[in-house]
Amino acid sequence: MIEVEGVDFYYGKSKALHNISLKIPAKQVTAFIGPSGCGKSTLLRCFNRMNDLIDGARIGAGELRIQGVNIYDPQVDVIALRRQVGMVFQKSNPFPKSIYQNVSYGLELQGIADKKRLDAAVEKSLRGAALWDEVKDRLHSSALGLSGGQQQRLCIARAIAVEPSVILMDEPCSALDPIATSKVEELIQELKKDYTIVIVTHSMQQAGRCSDLTAFFYIGKLIEVDATQKIFTQPANQQTEDYITGRFG
Amino acid sequence: MQHSIGSHPFTTPPIGAARTEKNAFQVFRIATYCILLAATLIFGIIFSKGAQTIFVREFPFVNVAFLTQSPETLHVFEHEGQPHELGDREFRAYMEKRGNPSVKEESYVYSAGGIFPCIVGTFFLVVGSMTIALVVGISAAVFLNEYSRGGPVVELLRLAILNLAGVPSIVFGLFGFGLFVLFAPVFAAAPEAGHVSLPLGFCYLNFTGWGVSLLSGWFTLAFMVLPVVITASEESLKAVPKGFRDGSLALGATQWEAIRTNVLPYALPGILTSSILGIARVAGETAPIMFTAAYVVRDRLPWQVDKAVDVLFQGVMALPYHIYVVSSKIPQNEYTERVQFGTAFVFLAVVLSIALSSVILRNRMRARYRW
Amino acid sequence: MSVYWEQHLNDIREELLMMSGLTERSLSQSVRALLERDDALADLVEAEDSEIDELEKRIDGKVITYISTHGPMAKDCRFLITASKIASELERIADQATTIARRSRDLNKNAPLNSMAGIPVMAQEVQAMLRQSIRAFVERETSLALEVIGRDKLVDAEYKEAASEVEAAIMADPATTARELHLLTVAKALERAGDHATSIAEEVFYLYKGEDIRHSKIKGRLPA
């Protein structure tokens, strides 16, 4: 689904990613782990070109392909790309609108105004995010009245409303309590039936619980990528083992 | 260690610092009261003296004539042993009725009639210039805050805006005079001799200036208040969390869509607050409008024109200018004082009411776009 | 955690039960092969041992994976560790069954002996112990586990009797020595199987009560 080939990435003059190559399979959960500043969030934000918003951020070498298309090709429409590759942020950022409007926002951007269609899409997305039962009676109340875990699930609903093929999650549970976290993790296991998911996480336990494939990054380099089972029981690389056993980072 | 409550470390305050604090507190308090005193004096005097002109004892308790008529010359005379004070028209009518007897009369300009044209003029000036200032200011703020990427050109822009804030209002008046009154472009059928003319195919663009008019006044005042609006708008835009923009962009919005649907609505309450400051300044400045929009006296109201578009090219009377004229251009006496304070009273009332409506609008928007 | 986690634990539970079923069958088949002098059955037991070995490796693989990726706590953690140990014990019981099967083939080559040195009774007892310890696991009944531990004493006593019987038989008729020694090996295998079943019961007790009763002088409750 996503192919990274020899990618270098720069913020201005400083090199953030060194020659990254990996393949992310479709309809599975891939986790990026590594200590702070290792480049995992940078790589994630390359997939939907959110890095374009940062001055001086650019790809130095290599290619990044999603579904076979080089997404940094000048002919690629960034807006269309971002509809296919959705993102859930670390700090849940529900818009200060109603729950309904939050979920329908992405569709309204595309010009869809038919109320029936929007209603159906909103319900489908909220169900998909395991939030429908909790909010179906207050769709038009402010989204800011939800708890932290519910807000994050709302952001997930918002992302899947535009029917992307990939969902990127940048530390989605770091601001949530354990129960909300486990709800979101269970949701991720459900979502992977329909979407390709890439999740950046600081918590190794989360990577262990949620992911099928794990990639370990360190100072901008990809150290090891393998099935989660293998990485956590018998990593090939000593650095990976040291990180996982907590001996550094 | 055991202490009795008197000698415990928690209960014995350090003497030096506490006394300094008390003194500082007193100083601050006195300073605040001075401000309060000054404000009370200003408003108090204006209200008490102005009230004499504005309010009357019988229904409708407001001097309607003062608010709805144009200024007239006051004639003070004695006739048949009775002192009379009559405005121009009434005086003439009075004289005609009695066959124009010769009386010893003194006339005082602008001391009778009302200030209706001034109210209208100020109102138009404020609404027009604030609209232009808000449109240009918000656009500039959006550009500076959301689109610009820093660099020397943008820094120069910011410097220019900052300097604009420090320009004296009389200089604005001269600037407006030179650019808008004398040189602004006008559509015309034929080129004008002695002026720059641009042929446009179906007509000509003659740089003959707009003359003393609402248009000139609007643009002059707008430029004067622009720095305030831009700064406040930028602050309001900055206050909107970055997460709103990121969230919109990640869903496939263009940058303008993200700003229009998810940033501007939430920044608007703050922007409107800044406009309140702008309104007070725009309404009260005399120097910028002296050469560009205001007449000392004008018979016709702005909408009394042949063609609708000509409204833009009408000059007006304005409240602050009228106060200036009545206070310094004509000899002072008890009669002129009435008009001065009455005008000042009305002026304050107009500014207050515009500011109040802005506050109400802002509160409504805040309730609707709460975040 | 989540429904997926419960599913993982259930998978291991099911594999453990499957393994215990196969082990019980191996044990009973091996004893039958001995008592009925059935070589074909003995061959079957030996062949099926590899399946049981595979199950042990599968269960252990799953256990290490789930422990390292999920970091389970409390009962979940005890369950996983216990499952690994029970699998190990079951595998050893199956190995004992294989031993019995081999010896029975050896015995079948020669004439049958007069007495089986109390092996049938021992075999019954050990099979019952295995069944009961697995029942204790399935039904979460720690009292059953304690009973199993008590029964081990009986099996130990029966082994001693069997050993004396064999000794006497050899002294009575030295020609039967080879066959009697096979019999003793079978009796030893059964006694060991009994010990392994007892270990399973101790692990089950630890799983559900959190108390480690291995190597202690607990008498256990003898069956009525």
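Read from first to last, the chains carry the letters A, B and C; within each, the first residue is number 1.
Here is the rule we use: a residue touches a chain if its C-beta (ideal position, glycine included) is under 8 Å from a C-beta of that chain, and two chains touch if they have at least 3 such contacts.
This is a predicted model, so every value here is computed, not measured.
Chain contact topology: the protein chains form an open path, each linked only to its neighbours in the line. More inter-chain C-beta contacts link the pair A-B than the other of A-B and A-C.
The central chain of the assembly on a C-alpha centroid basis is A.
Farthest chain from chain B, judged by C-alpha centroids: C. Our note on geometry: chain B versus chain C, Cα centroid distance of 98 Å, whole angstroms. Each chain gets a centre from the mean of its Cα atoms; for chain A and chain C, those two points are 50 Å apart.
Counting partner chains per residue, chain B has no residue touching two or more of them.
Of all residues in chain C, none touches 2 or more other chains. Chain A contributes residues 182, 185-186, 189, 205, 208-209, 228-229, 232-233 to its touches with chain C in the complex.
Residues 149-150, 241, 243-244, 246-254, 257, 261-262, 266, 369-371 of chain B touch chain A in their complex. Against chain B, in their complex, chain A makes its touches with residues 48, 50, 53, 55, 79-80, 82-83, 86-87, 89, 91, 93, 95-96, 105-106, 109-110, 142, 144, 155, 158-159, 162. The part of chain C that touches chain A in the complex is made up of residues 1-5, 64-65, 68-71.
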